[in-house]
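In structure tokens below, several structures.
Paired with chain B in one complex and with chain C in the other, chain A is shared by the two complexes that follow.
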Partner chain A sequence: METVINIVLLTFLCITALAIVQIRKLFCAIMLMGIFSLLSACLFVTMDAVDVAFTEAAVGSGISTILLLGAMTLTSIDEKRPSYQSLIAILVVVVTGAILVYGTMDIPPFGTPDAPIHRHVALRYIQQSPIEVGPPNMVTSVLASYRGYDTLGETAVIFTAGIALVALLGTYRRKTGSAPQKDKPSTLNDHLVLSIVSKMFIPLILLFGLYVQFHGDYGPGGGFQAGVIFASGIILYALIFGVDKAMRVISPSALRLLSAAGLLLFGGVGLMCIINGGNFLDYNTLAQRPIDGQHLGIFLIELGVGITVFAIMVMMFYAFSNRKGRSA
Partner chain B sequence: MSWIGHYNYWAAIVLMMLGFYVVISRGNLIKKLIGLNIFSTSVFLLYISMGKIKDATAPILVDSTLAPTTVQVYSNPLPHVLILTAIVVGVATTAVGLALTVRIHERYGTIEEDEIRAKDDSL
Partner chain C sequence: MLANTLDIITVLCLVLGCFLGITGGIGIYRLPDFFTRLHASSVTDSACAFLILFALMLQSGFTLVTVKLCFVLFFLILSSTTATHALAKAAIQRGFQPLLGREDKR
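On to the complex of A and B.
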């Protein structure tokens, strides 16, 4: 049964991707991209990757669709036909694909328990992490404790991307004679159903974001997902009631502070471990019992990740939506 | 039925090639970024497929006092960690790409690659 679901979803995924390749309207392509992400999130669930599915559903069909739409409204809606022949492109793609398929012949079939990938560190993670680190969710243990360096690096990448985006687009709206903005409130506030339903949903989304953040040790979830979900609550508010109102709720300067604070919290925990006589990000030294130290360390760095991701995501949305006001 | 065992990998390769095709054959910069997203999703799919073990469960420890009879096999948590951070990093880098596209549009008035090149040459 699982295999059938798997194959059907994969086939749908390929069909959606083909449609994205074919379609000329960027709006349709972006909407299909949302469907594509949702389908791949379903696939991740069938393949036991619940944390990944969570992230893909929140990021792929939520934030990235919004960002693509924002960029589309600032540029053009249609894709022109390419003026050059793409026969060579097809040839390159087919040849590369054939070589890759040839390469898969040596990979053990899907689901093999004794494949090489399961022979190395994974065994240690699965058997020892509940004893050494504590949280029942092994993904959290690996993410925050065993591979804390990676996660720190990735948080820094997200932070850097946020800085780059602000450098490129700016967060504030320039107030130079944009008077005609007044008579055209470009919000969806006039739609009664939308505004009432979203008013009901936003607190629930924010609450769910907090739950995902703090329950990440025990179930699927964690800082990355929680940050994105919390940000999507704020973005929904901004979409319905206007960016100006949202910026009064959380101002760009507060976001800038928060994004740095999250990363600093992460790095600070690492430094704290050094001060207590351990290695960088060695949480065992944070408390009397190593397991308590691990718990505290994971809690703090997940919080740091969540804060940074949340702040950067909202900042990105502000940057795109304020650009609109600027060029109009 | 040997093909079923590799269907996941082949689907990932098909997706990867579709994304690759969009990136190299389309002139529209936003479309290129969409293609890049398809490409990266295919990589995610490949990793997660490799981590899956048949009849296993998600890598969240099952309380043995609640379900003592079931033998627990967990899927490999390591690819999950790598991919979950990669997704968020992916959206952040896509956003930077989109910001560059917006700036290019402000400067050149178009996001079609050939038109941008034509304007560059005429300068």
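On to the complex of A and C.
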């Protein structure tokens, strides 16, 4: 049964990928990329990797679709035809793909118990993490405690990407606009049904974001997904009621502070561990009992990740929409 | 006896839901203009999803899973109907005419 599901999902994945390459309309390509992410999220679920699937569904098919649509409004709807022959490109891709497929020959089959990955660190994580770290969701303890350096790196990457995007597109300045912007029809201000339903939904979305943030120790979830969900609530507000109103709710300068504060919180927890006499990101030193220290450390760094991801996502959306308003 | 009845109702709901889903898919592909296609996709969104979720609820019984499924159903009903409404409204504002009321029946 599972094989059938896998085959169907992978077939759809291939069809979607080919369609993305083939299609010239950027809007359709973006929508297909959302479908692609959703399909890979389904594949992750069949492999029992719910945390990864959750992240893929929230980030891949949720917020990146919105951000890509925002980026698309700055360019044309159709893709330009390349002026050169793409024969060399196809050759390079085919050769690389063939090498990669050849490489998979040596990988042990999926789920083999004596594969190298199951005999090395995974065994220790499974046996020791309930005693050493504590959270029932082992993914969280691996992500936040054993692999804290990696997570710090990922958060720094998101932060850097956001800063680079804002540096490229420019920050928001309300005063320097040429004329006082009158209400454009593109803000869906007069759409009664949309505004009522979104008013109903936005508090629930924010609440769900907080749930995902603080429930990450017990089930699938954590800082990355929570930040994205929280940001999508704000972005929905901005889409329905206009970016200006959303900026009154949370201003771009506050976002800039928040994005740095989240990363600093993460790094600060690491430094605090050094001050208390341990290694960098060694949470055992944070409290009297090591396991309490682990809890506190994981809570704080997940909060830092969530704040940074949230701030960067909303900042990117503001940057795109601001650019659009200026060029129009 | 009760479990048997529940299973039968579940199967009926699932089959009907799948049928409506496939119908919606065919409808999106075959129907002539934007608004009729929207109608087809909204059939998939509402009736098909409703039936399948209801069948799942029957199988899960009085547990936390059913409560979660209820939430999913609630959000799905609200968001999919709103999305259909927004799509139709946007299409009309852009000047799309339904095929039935149009002068030149292409």
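The working rule: the second predicted complex is superposed on the first by the 317 of 328 C-alpha atoms of A that agree within 3 Å, B and C clash if a C-alpha of one lies under 4 Å from a C-alpha of the other, contacts with A are read in each partner's own complex, and residues count from 1 in each chain.
Please note the rule applied: a contact is a pair of C-beta atoms (placed from the backbone, for glycine too) under 8 Å apart; a residue touches a chain by one contact, two chains touch by 3 or more.
These numbers were taken from a predicted model, which means no experiment stands behind them.
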item	value
Combined model on chain A where chain B meets chain C, clash or fit	fit
Which of chain B and chain C A:257 touches, first, second, both or neither	neither
Touching partner for A:51 - first (chain B), second (chain C), both, neither	first
Contact breadth on chain A, by residue count: chain C or chain B	B
Partner chain in contact with A:191 - chain B first, chain C second, else both or neither	second
First, second, both or neither for A:201, with chain B first and chain C second	second
Shortest CA-CA distance in Å separating chain B from chain C in the superposed model	14
Residue numbers on chain C that touch chain A, as the complex places them	75, 78-79, 82, 85-86, 89, 93
Chain A contact footprint on chain B (complex, rising order)	2, 4-11, 13-22, 24-31, 33-35, 37-38, 41, 44-45, 48-61, 63, 73-96, 98-103, 105-106, 110-112, 114
Chain A - residues contacting chain C, complex	185, 188, 191, 193-194, 197, 200-201, 204
Contact set on chain A toward chain B in their complex	3, 6-7, 10-11, 13-14, 17-18, 20-21, 26, 29-30, 33, 36-37, 40, 43-44, 47-52, 54-56, 59-60, 63-64, 67-68, 70-72, 74-76, 79-80, 82-84, 86, 89-90, 92-94, 96-97, 100-101, 104-105, 107, 109-113, 115, 117-118, 121-122, 125-126, 130, 136-139, 141-143, 147, 150-151, 154, 157-158, 161-162, 164-165, 168-169, 218-220, 222, 224-225, 227-228, 309, 312-313, 316, 319-320, 323, 327
